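Shared chain: subunit A. Partners: subunit B in the first complex, subunit C in the second.
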Partner chain A sequence: MKWIDYARPQTVAEAVQLLTERGDGARAMAGGTDLIVQLRVGRRQPDHVVDVKHIPDLNEVNTSGGGVTLGAAVPCHIIYNNDAIKDAFPALVDSASIIGGTQIQGRASIGGNLCNAAPSADAIPTLIALGATANVSGSTGERSVAIEDFCTGPGQNVLGADELLTSISIPAQGANSGARYQRFIPRNEMDIAVVGVGASVTLNNGSFESVRVSLASVAPTPLFVTEINDELAGKDVTDENIAKAGEIAKDAAKPISDMRGTADYRRHLCDVMTRRVLSDAITRARGGNVDAH
Partner chain B sequence: MPTKSYVQTNINGESVEFLAEPRQSLLEVLRDTLQLTGAKEGCNDGNCGACTVKMDGRIVCSCLVFGVEAEGADIETIEGMASPEGLHPLQTAFLENAALQCGICTPGFLMASKALLDHNPNPTEGQIRWWLANNLCRCTGYDKIVRAVMDAAQKMQA
Partner chain C sequence: MTTTREPNKVLSQIEYDVIGTRPIRPDGADKVTGRAKYSADFTISGAIYGKLVRSPHAHARIISIDTSKAEAHPSVKAVVTGEDLPKTVIGADGDRPKTSGEIAADLKYLRHQIMATEKVVFGNQPVAAVAAATAHDAEEAAKLVEVKYEILPSVTEVRAAMEDDAPVLHDDIEMTEFGEKTGRKGNIADHFQNKIGDPQKGFEQADVIVEREFNTATVHQGYIEPHSCTVHWRDDDRIFIWNSCQGPFNIRDATAEVLGVPLTNVKLTPQEIGGGFGGKFEPYGEPVLALLSKKAGAPVKMWMTRTEDLEATGPSPGSYVRVKMGATKDGKIVAGEAELAFEAGAYPGSVVEAGGECVFAPYDIPNAVVDGYDVVVNKSKMAAYRAPGATNAEFASETVVDELAQKLDIDPIEFRLMNAAKEGTRKVDGTSFPRIGLVEVLEALKDHDHWKSPIEGDNVARGFACAYWMNAGLQSAVNLAVNSDGRVSLTEGSPDIGGSRASISMQAAEILGIPSEDILPSVVDTDSIGFTFGTGGSRTTFATGYAAIEAAKDVKQQMIERAALIWGVAPESVQMDKGNIHAGNGAELKMTFKELAAEMNDTGGAITGRGSVNPSGVGAAFAGLIVDIHADPETGKVQILRATIAQDAGKAIHPSYVEGQLQGGTAQGIGWGLNEEYFMSDEGRMANSSFLDYRMPTALDLPMIDTVIVEVANPGHPFGVRGVGEVNIAPPPAAIANALSRSLGVRMERLPMNPNTVMETMWANNGSSNGS
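Showing the complex of A and B:
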């Protein structure tokens, strides 16, 4: 690994100042589970690593008012051990409990998962399904970005060189809502999604009020399939309509073939996984329990 | 000329100081600077768990931590597991259940298993396998490791 300088700012202002001064030569680090690997293989070559996980604001979990605001550096293990999150946002627990294994989850943050912008990232489809936004601070002030607009390509996001992700806000999900994330991997754990699906539904008696579905590992960025809501909103919750959603997901996917699976296989998985994940989200919306893994 | 950073940390209950380049991993510092060679390097990218140490109450892959991040932290390594009175029950159980062959994965498995039992003294087989998924072993086929952890859990409860 080439020489780097290391800084440990204590406030957002200090971190933004460091990033602004160093420009493209600096990179923020939270848990380092992506960044340190990338530095070691030379995929990213900053001169300066700005360790943001000692900034108190970035470690806050605020669950007042039914939603949750997650500090950008909060690691996975805090998320799946938080009772309020387990209760209100089980889909976030689905994601946090399958990112790496126990050791990775001790450091890996949801903010880092988002900023790393991998097409296969396991937290991003969940955040999109839940309608979350990214809160960003930079040298010219603060802004918020919808998660579906955050990733711009593999490993690329909307952040300017001076900008820091400070938190992620997930709005309160109404009564009769439920969400789920699942990925397909050939092992039981510790693997990269061949296909991942995050979905949230809000039901109105026996019909869909709204449906948000997002797919991992089938496009250069996590894919938000808005056509599923267009088709299902107002329709009855039936196997036939769930099957339609699977078909739409399959058609929306733009997968590549690689060692994890061919494009055809991935399209097939989009159909199967979308149906499964929607069924689980519906079960949760109706108050039923679905285990994270 | 870049300079090394001064780091003050706590390892196995003792205050320790060292100098490190910011790019050096905690694993490199432990092994090459502090001669604590119990933590092993298997993959150097977070997959194998051979480098597992406890940092501020959580197990982590020390290959994915910078040494300079240890400033002010509390670190536990495999060197702190046995006491002057003898081996930790997990260490004894690994020996009695033949849960190791070449042994390179063993310090990591022991650190991870101890963290599991600290948090859940009576885990099911499924919970053990899930918790230990970040540790790889090329020799044993895992069954003996899982049985050793169950055995230790039982003995520690008795």
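Showing the complex of A and C:
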């Protein structure tokens, strides 16, 4: 165990200054549920941990205007206990309620899940499906990044050494929209997605107006499968078209074989899970209820 | 349809006053309040901290070990390597201690396993160790030990290791075949064969024959508390060990032999244990810490990480098992043939013989042959795990038995009843059973409302399997001391894993006719009680309980003699029952146990009793399991919907703890069946060495497991006890596989039956490679 400096800034500006001064040796931490494990096993070895979960701005949840802006350090349990989120963004509840167990959800944040940039991250496909953007502050100012552009490789993201994720903005989804996230795991809890699928649909009577599908655990970064929208937009909501989406997801996936599943099995699951998740998203779009688990 | 659900049934044959009741366990309050002290809770002033330096390679030659940088670390107090262990002189002390763990291993191999010299033979194998003032310093200093390796090709799978061109782990392993040395060098250490009747003729009589080959993955016991210990090599050359283990005497003896010191120089004080399941019979860190302690002149404490524990202590073998069985069209099994090859880990001595004994044991098969192979692979040395060998073997045979029943269109329980082993049935090894309770177990399940309830829903199906395990006897000692207030101190040497302080006290209480709460049990150190083999082999309630009965009888006889002395009558005229002592017919000579105890100190001093046994009448254990599953045909995922296990306990001393064993074994068997496995990298390292990726079932993966305790008294125990700890793990994999054959129509030949392997099996059956 090496010595690590620890700082607990109270403002975004202070945090950005610390990150800027320390450069690549610093790492921002919110709940720490990924970072502390990585420190223990030596996967990340920062010299300086900047604990951002005490910054008030990073703990705000703003649900005005039909969308939601989540402070980057807002933990999962706040999200799935927020009535406005439960009502408008049940897919976010799907994700927030399966990241780790109950105790972990007291600490783990969606912002952390995004910055950790695991290919298997349970929140990222949902954020991509919902068309969310990441709001970033750095030494030279602020910028916004579409979630599908945020991750650049396993554990890698677009943030510069001086930059901090401050919040995530999810736009209002509009009428006749529904979204869903589900992952496939061999157990029923406490597991890493073999495949995860986030999907949102907007329907126009009996047809698809738009479809956004994103896959976890089948590529170096969460995969946004835009081809599904290309195929389905304007088409009727039918089992055949849903099956087509499954086929497209399967073809788009670039999985590896590892201890959590073979590449063939993962491709197969992309098909199965995309069909199931799309069906649930359609149910939600039509006002029906689908339980989080 | 509604049926009466009775979650836990006890089918009792004989009632007693204490035995069969459910008192609160003596250790319960400390455990639920967090007061109980486990191994890592142990503190001693002046302790320093140890850390093992481990090999990153599964198989490599050690070119050099440079400890100079570690020694120069300001906090480091001692550094040792394998060269600090005594050299093993073959022929002098090369044979394994007389009394050590469940699995015999050569002392030379044991020393090498504990700290390697010349080469490493499994991933994360210790090659050196450091002790430093703090645990963090020890961790840092361990990284400063520079070890140069020449990497060798590794082999981690049993069938691959048996190939002629496989990498060879040891140049001195020569295959023994049927008890004779063959001169064949390689990874196969032993080949044995058991045979009964004429298998060839038996198969000629068969109308239906089923033959399948099975492969099962290496699994771990998954106890919650990783290995840890504190060792102090004192300046009087006594070596004190504080750890949590199953066998204090086993580890005392093995540690003394590894260190080359007299046996009783070592004293082991067992702490509370957070699970063992067979994995805590062998020393791992203890001898190393002893060396560090001697060098540093201070007690040394160490605890293993989960990764160290999973990859480098003692898991349970992966295996290959081929089973062929034949039956006549009227449902009689007439022939069996089995071939078992078990991973021994990096040194010879797997549990394949036990597997070979179990494979056909539940059935009366006149003609059978069993071949077993003990094979070394580049994994850590396998240890015992709850009915070691039975689960591998009976997953195979119970699948084949089920398929025979399917082909003959006979109900699976009925088919087993038609062929069930009974008193007098001969096993493949030639021995025959005393009174056993398999038929009663099968009948209890056939009559159970679970078996009679309808199976409803798509892809929902029911499976059944049963299993045999031999159980162990071995040595136990118990001392009793009567206190003047009438309570009785009980000292024993069996670490309490599953409520054994309660079940042992209850047997003494029953003999003495006093409440079990009046017995005060203590598990004591190895200086303070006679040799007691470890807690394992389902032996503790049976054998240590037997010793408690003997000790209580000893006390009882002395109480009678003391009363006779007080009353001035002949001892023969004094009786003691239900805790009351009386003489003659009249009511005047009468004392309670407490009243007599109060007289002890003035009439000759305290009464103490002793019991020391090595009982031979071990009662075999049988269990059967019904499971209902749902299998997802698109993902291959299996959900257990309902499970009911019945087991012959002989006599359940404390039914709650028997039920706990039945449920715990079933839970572990379900984990083994569905998801648990050592996933090995191409380089021979365990890739999933954490409880995140080594997937044991969580509470959400299991239903409440219903139990039926069947009581067919074991004639070899005064109260009819049979060990109950182990056999319950063996049925689940086969029961789930048998249910899968009815749900998705696939016969699984691999463990684990995780979603991925279930889908692959379905694709193979459909002739497609990836479901497209």
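The rule is simple: the second predicted complex is superposed on the first by the 293 of 293 C-alpha atoms of A that agree within 3 Å, B and C clash if a C-alpha of one lies under 4 Å from a C-alpha of the other, contacts with A are read in each partner's own complex, and residues count from 1 in each chain.
We adopt the following convention: a contact is a pair of C-beta atoms (placed from the backbone, for glycine too) under 8 Å apart; a residue touches a chain by one contact, two chains touch by 3 or more.
All of these numbers come straight from a predicted model, not from anything done at the bench.
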item: Partner chain(s) touched by A:Ile36 [first = subunit B, second = subunit C, both, neither]; value: first
item: Partner chain in contact with A:Glu189 - subunit B first, subunit C second, else both or neither; value: both
item: First, second, both or neither for A:Gln103, with subunit B first and subunit C second; value: first
item: Touched partner set for A:Thr262, first subunit B, second subunit C, both or neither; value: second
item: Which superposed partner A:Val49 touches (first subunit B, second subunit C, both, neither); value: first
item: Subunit B versus subunit C as contact partner of A:Val61, first or second or both or neither; value: neither
item: Touched partner set for A:Ile4, first subunit B, second subunit C, both or neither; value: first
item: Subunit B and subunit C contact sites that coincide on subunit A, given as residue numbers; value: 1-2, 188-190
item: In the complex, subunit A residues that touch subunit C; value: 1-2, 184, 186-192, 194, 250, 258-262, 264-265, 267-269, 272
item: Touch list for subunit C against partner subunit A, complex; value: 136, 139-140, 634-635, 637, 639, 674-675, 679, 687-688, 692-693, 695, 697-698, 700-701, 754-756, 759-760, 769-772
item: Subunit B-touching residues of subunit A, taken from the complex the two chains share; value: 1-6, 8, 31-33, 36-37, 39-40, 49, 51, 77, 100-104, 106-107, 188-190, 293
item: Subunit A partner contacts - residues on subunit B that touch it in the complex; value: 2, 5, 21-23, 25, 44-47, 49, 52, 55, 58-61, 63-66, 68-69, 71, 112, 115-116, 129-135
